[in-house]
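Read through the structures below before going on.
Look at the two complexes coming up: subunit A is in both, with subunit B in one and subunit C in the other.
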Partner chain A sequence: MPEAIGVAQRRLEGGDKVSGRTAYVADVRVPNALHAELVSSPYAHARVVSIDRTAAEAMPGVVAVLTADEIGSLGLLAKGEVFYAGQPVAVVVADDRRLAADAAQVVRVRYERLPAVVDPVAALREDAPAVLPAELRSQRADAGAHGADAAQHAASQRANVCGEAHFARGDVEQGLRLADVVVEARYRIPALYQGYLEPHGTVAVPEGDRLTVYTTTQGQFAVREEVCQATGLPEHRVKVVGMQVGGGFGAKFVKLEPLCAALALRLRQPVRLVLSRSGDFLTSRPGNFAEIGVRLGARRDGTLTALAADLLLDAGAQEDGTVGIAAMLIGSTYRVPHLLVDGYEVLTHKTPSGAYRAPGAPQAYYALESAMDELARKLGQDPFELRLRSACQQGDPRANGAPWPRIGLVETLEAARNHPFWRERSRQADEGYGVAAGGWPGGTEPAAAACRINGDGSITVQVGSVDITGTNTVFAQMAAQVFGVRADAVAVSAADTDAAPYSGSSGGSKITFTVGNAVLQAAQDARQQVLEMAAQELEASASDLDMAEGRVFVRGAPSRAVSVADLARSTTAFGGSAAPLVGRGRVAIKRASPGFAVHVARVRVDRRTGEVQPIGYLAVQDVGRALNPMAVAGQIRGGVSQSLGRALGEAMRWGDSGQLLTGSFLDYAVPRAADVPPIEVELVEVPAEEGPFGAKGVGEPPAVPGAAAIANAVADATGVRVRDLPLRPETVLAALAGETS
Partner chain B sequence: MMPLRPLSLTTPSRPEETVAALAAEGAAVLAGGSDLIPGLAWEIPTCDTLVSLAGLDALRRIETEEDGRLRIGAMATLADIVRHPLIRVGYPALADAAQAVGSPELRAQGTLGGNVCLGTRCRFRNQPPLWREALAPCWQSGGEVCHAAPAKETCVAILSGDTVPALVALRAEAEIWGRRPRRLPIEEIYTGDGTHHLHIAPGEFLAALRLPAAPPRAAFRKWRTRASIDFPEANAAVSAVWRDGAWREPVVVVSAVGPAPIRVQAAESLLDGSAWSEERILAAGDLARRAVHPYDNGQLNVAGRQIAVRGLVVRALGDMEMERREPVL
Partner chain C sequence: MEISGSAGVKAPPAAVSQVLADPARLQRSLPGCRQLEPDGNGYRIEISIGVAAVRGTYQGTIEVLRHEPGRQFDFRLMLEAPRGFVEATVATRLDESAQGTELRYTAESELGGPLAALGQRVAAGVATMLVRQFCDGLGREAQGLLQG
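== the complex of A and B ==
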């Protein structure tokens, strides 16, 4: 019987993607479509005094120029006041794209500039002006702080704090006094653009009392919900077609869809809104800037005595909720008797932050794992030794006191330590190695799936999840495993929201874990239906039957068999006697599957120019069970590459007045293939109890430890610690110069 | 990307026609277009007619002239230069500099002439139109202020062609065609003003670069964020002749720190007439660092660019001295 699980399988859609046949949302052509173009504010904070549209409206071919006054904000348009540079204040709709762009340029907006709060540290100050007016703030529930003291409550009252998290255990000052060695340091990691190849775009098509929305999203049901909320349509009248996504990494949930839908409904014509790259940068929802202070104490033997961490995350001009995860992870990775974590998220006049692959985790682990490295150096200890002494295991308390389920942090650390990349390391002059761990708690959401046996015996799996990482390929493998066939005998239909069973958005590393379980159930259900039909045919009990390569046979007597195709045909024939074969799976898994990764980077540093060159890399990860090792390795290599960008070049930077200084791929330095060293991948398999075949979330952990691994390697190579990312040559040079002077 | 505004394009096949077309108001030379076209999408610069040099076959050639000089047509691509045997062997610093430009796609499309004539760059100018709306117009856009250097009366945007310092170090000569063709040392085509950075008049264009028959040895180095694509934030080239047990006629040139390349004469004097000890090399690096005054108009900061200039010159001189002691070939 062919094994389908655990076998390297090329992605089903890969051939179409690399040969250019895949249609993305910008390729959607509908007759009579209008083109929308945004008119955006050049200023970070301003009052909109007036909008003169006469010149634009007079241009032949311009259909409408609309503002929030007529259509509402729709999550995007400014109403009277702008809060970040690039925020749209009006939208022009015209017959042609170039025309819409020209018309947008002649919409005359008069602004009264207002002082912009750009620096998150300044935004936190007691006397800082409020970034958003009260009506744009949600009513914040009490922080629910564990052990929060009066000082924290005072900070919570500050105008721009929009989120916080506090965890405490023991007495951290006492714990620090018990330490022989204390590391005290502050780390900064910039806001990061997700760097997807495909900019945001949406096409909305009204049809009678219905609306169809084609879009690039990680979650079509989330889009449907928000479009319905914005337009007042009920969910059964809105169909969202999730197109192939040209990269999302957390940035593609809902953005343009409510606006585009509202325009289409108002103008009763299809409307297309596709952003240019610079438009995309300006309205992007980057990963949060974070400044994290750490005090970490240990005994001379490396036993941790105390960890105190204060986190400041920049939310930009909209409330966000990343600080909770960051604060939780930083306090949950190592066993430490005395713990105090205080996290705040503040509003500033910058593009609102959003999710970027494992939101909050790279920030938290950059600080934690840099501090662990500094501690190892102070103690003169091996970096693995120090970590293994305190690494959390099943039953150890997380920051909030809840015990960890079975996790693979220790196994992953051990696998990395035993790998030849580390064991046989050789350190030339100006080279260094850096170690870092990181993890991601995983996610859950109810999901359903269907599995149909077609008239010829072939199998179709139906899901509503958006495939951004190869999940459809894995679903095919799962069904194939259940039926004992090869994966290419299974088709996976990722249908639109009208046709597909519910699935959550592709975020949080949960699709294989949740939808996968539903697919498995659906396939098993369909299999049982086939066995029951065969039992009648073969006059045997269903429990005595088995199935492989398209045949059902009596266990122990393989010649007593019937083909699945023959059985299936009778379910689809005119006058046929058997009901169609449709398996159903529906799950609501309650416990997530946390995943850990350990990375080791090798770098070379040119002391004269400050250039850091990664020359080797090892990524070890606990994946529960590698259902498709090829796809898993691909996820890991992608995550490592993004971490290299985070470590060495990428940063969203704003000028003092809130102008985005890095608004294109020229200035925003994503690594290219030539900048990425060979990456060795090693998989650890500590099965997840509730995961399909033991699998756990794989997508996010590989994006977590890399920045610290690189920074630790640079410290190893030079003896100099740079705590502000990215480690661009200017930063490294400055640090080296400080060292020599 | 934003669709381009309508433009007219002409591709003359005779130099006289090119000269005539270029003399018209609003005309600009189109070579490989690797910089010009993306720039036009952001309305930097603005022009209505592109005059392509692609119809002039002579401009694509790389050939040895009768007196032994190497003549490289302005339309030779950077990829042509990287792989040309005469250049790899005789003028490797130029091949290195061409190799350092952008990415493989850009080197296949970009030309040497385009690289030498490349428009100057500035963080406050090379931005989408909406971005620029927030600032008062600068010298380049018809205003009277420089956002990078408010005290300056002229534009200090950065000369960003990577081949420029290598060509200066190799003592290249530029051949300009127009109504009156002329030749001049490459350094002399740069004005030092970022707005009109070339001494090339309307109706003129760069036709070729000529390199000496017996070139000095040379080395090139570049500093930027990503090795795989980025524009230089500083670059440098050095050259000298090894004769009678000493380096002679050294050239030390630093670029991408202002609108024109900078010769570091103090370093050149220091390096003339001896072998290069580590101390001497480091001292030359310090002199180079002191000779440059970058403004805050790149992506990397002023202090970093200044320290990097020292590093680049030290590394380039080190490359030459090491190769003399232990020739690689």
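== the complex of A and C ==
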């Protein structure tokens, strides 16, 4: 019987993607479609005094110029007041894309500039002016869609605090007094653009009393819910078609869809809204800026005595939910008797923050793992030794006191320590190695799936999840394993919200874990139906039957067999006597599958230029069970590459008055292929109790430890610690020259 | 963003100041200036720039902060275009030189909107180019005035 699980399988959709045949939302062609263009505020904070649309409306081909006064804010449009530079204040709709862009240029908006609160530290102060009026507080937050454990929240009196997390255990001051060595440091991590290839885009098509929305999203059901909330339509009258996604990384939940839907309904015509790259930058939902202070104490032998951490995350001009995740993780990774974590998230007049692959975790672990490295250096201890002494295991308390389920942090640390990349390390001049761990709590959400046996015996799996990482390929492998066939004998239909069973959004490292369980259940259900049909045919008990390569046979007597195709044909024939074969899976898994990764970076630092060159990399990760090792390794390499950008070059910057200064790939430097060193991947398999075949979420952990691993390697190479990311040459050079960062 | 520099004008400082105080001549000196009308303590202007990411037609005001003929011309510039805005406070010194006038300037400026997001990198270069063109224009107009 062919094994389908644990076998490297090329991604089902990969061929179309690399050969340019994949249709993305910008490729959707709908007859009579209108084109929408946004008119954006150049000011970070201003009152909209007037909007003169006469010149735009007079242009032939312009159908409408609309503002929040007519169609509402729809999560995007300013209504009377703008809160970030780039916030749309009006939308022009015309019968041609270029015409819409030209018309948007002649919409005259008069603004009264208001003072902008740009610096998150200033925004936190008790006397800071409120960034948002009270009626705009408590909106949706993308990081919440990741489903990570909620933090303990407390209401703050400060005007701009929009999220808090506080965790305490023991007496942290006492714990620090018990320490022989204390590391005290502050770390800053900039806001980051997710850097996906495909900018946001949506096409909305009204048809009778229904609306169809084609969009690039990680979660089509989430889009449907918000479109319905915005338009008042019931969910069965809105169909969302989640297109192939050209990269999301947390940025693509819901953005343009409510606006585009409202325009289509109002104008009774299809409307297309596809952003340019600069439009995408201006309205992006970047990963949060964070400033994290750490005090970490240990005894001479490396036993941790206390950890105090204060976190400040910048939410931009909309409430976010990331600080809870960051605070939870920073206080949950190592056993420490005295713990105090205080996290705040503040509003500022900047583009609202969103989710970026493991929201909050790279920030938390950059601080925690840099501090652990500083501690190891002060103690003169091996970095693995120090971590293994206190690394959390099953049953150890998390920051909120709840015990960890079975996790693989210790196994992952040990695998990294024993790997030849570390064990046989050799250092030339100005080279160094850095170690860092990181984790992600994982997410859960109810999910359903169907598995149909077609008339010819082939298998179709139906799901409603959006495949951003190769999950459909894994679903095919799961069904193939159940039926004893090769994965290419299974088709996976990722249907729209009309046709597909429910699935949560592809975020939080949960699709294989949740939808995968539903697929497994559905395939097993369909298999049982086939076996019961065969039992009648073969005059045997179903429990005595087995199935492989399209045949059902009596165990021990393989010549007594019937083909699945013959059985299935009778379920789809005119006058046929058997009911169609349709398996059903529905799950609501309650416990997430936390995943940990340990990275080791090797860098070379050019002392004349400050340039940091990664020259080798090891990524070790507990994946529970690698259902498709090729896809898992690909995920890990992608996460490492993003971490290199985070560590060495990427940063969203704003000027003092809230102007975005990095609005294109000219000024926002993502790593290119030549910047990425060879990456060795080692998989650790500590099975997740509730995961399909033991699998756990693998998407987010590889994006977590990288920045700290690189910074620790730079410290190892130079003896100099740079605590503010990114480690650009000028920063490193200044640090080498003795100026502290 | 702070921009500073200097450029030569082929006319003496007193003539340059005369051009600066004459709306018609000032308009002709300014590259791409479509309209310049006196307004209070300065001018209302419309100006077209055709360079890279700062391309567009800008409308706004020049507010004269201080004009000492033959020596100094300080002003505040506020321009708006669909792609963003430019605000600048500019201090200009006129010194006699071999060729006529050495015009030295320092400007504290702010860009906003897509102009800031995309144009930051080229803004200083474009400003330098426009100042040179302006100084050439000032020279031409001042010569015309002197030959007048």
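As a working rule, the second predicted complex is superposed on the first by the 721 of 741 C-alpha atoms of A that agree within 3 Å, B and C clash if a C-alpha of one lies under 4 Å from a C-alpha of the other, contacts with A are read in each partner's own complex, and residues count from 1 in each chain.
The rule is simple: a contact is a pair of C-beta atoms (placed from the backbone, for glycine too) under 8 Å apart; a residue touches a chain by one contact, two chains touch by 3 or more.
No experiment lies behind these values; they were computed from the predicted model shown.
Enquirer: State whether subunit B and subunit C clash or fit side by side on subunit A once the two structures are superposed.
Expert: Clash - subunit B and subunit C, as placed by superposing on subunit A, overlap.
Enquirer: According to the contact criterion defined above, which of subunit B and subunit C contacts more residues of subunit A?
Expert: The larger set of subunit A residues in touch belongs to B.
Enquirer: Could you say whether A:P42 touches subunit B, subunit C, both of them, or neither, answering first, second, both or neither?
Expert: Touch status of A:P42: both partners.
Enquirer: Just subunit B (first), just subunit C (second), both, or neither: which does A:R608 touch?
Expert: first
Enquirer: Where does A:A85 make contact in the superposed view: on subunit B (first), on subunit C (second), on both, or on neither?
Expert: Both partners, subunit B and subunit C.
Enquirer: Taking the superposition on A as described, I'd like to know which of subunit B and subunit C A:L661 touches: first, second, both or neither.
Expert: both
Enquirer: Does the superposition put A:V106 against subunit B (first), subunit C (second), both, or neither?
Expert: Touch status of A:V106: second partner only.
Enquirer: First (subunit B), second (subunit C), both or neither: which does A:S278 touch?
Expert: In the superposition, A:S278 touches subunit B and subunit C alike.
Enquirer: Touching A:G691, do we find subunit B (first), subunit C (second), both, or neither?
Expert: A:G691 sits against neither subunit B nor subunit C.
Enquirer: Clash with subunit B: which of subunit C's stretches 1-9, 19-27 or 91-99?
Expert: 1-9
Enquirer: Can you list the residues of subunit A that meet both subunit B and subunit C?
Expert: Touching subunit B in the first complex and subunit C in the second, residues 40, 42-43, 85-86, 105, 278, 282, 657, 659-664, 666-667 of subunit A appear in both lists.
Enquirer: Please name which positions on subunit C make contact with subunit A in the complex.
Expert: So the residues of subunit C touching subunit A come out as 56, 80, 82-85, 110-118, 120-121.
Enquirer: Which residues of subunit A touch subunit B in the complex?
Expert: Residues 40, 42-43, 85-86, 97-98, 101, 105, 276-278, 282, 606, 608-611, 613, 648-649, 657, 659-664, 666-667, 669, 671-675, 728-731, 733-734, 737.
Enquirer: Report the residues of subunit A in contact with subunit C in the complex, numbered from low to high.
Expert: Touching subunit C from subunit A are residues 39-43, 85-86, 104-107, 278, 281-282, 655, 657, 659-664, 666-667.
Enquirer: Report the residues of subunit B in contact with subunit A in the complex, numbered from low to high.
Expert: 1-3, 5, 103, 123, 126-131, 133-134, 221, 223-231, 299-301, 303-305, 307-308, 310-312, 314-315
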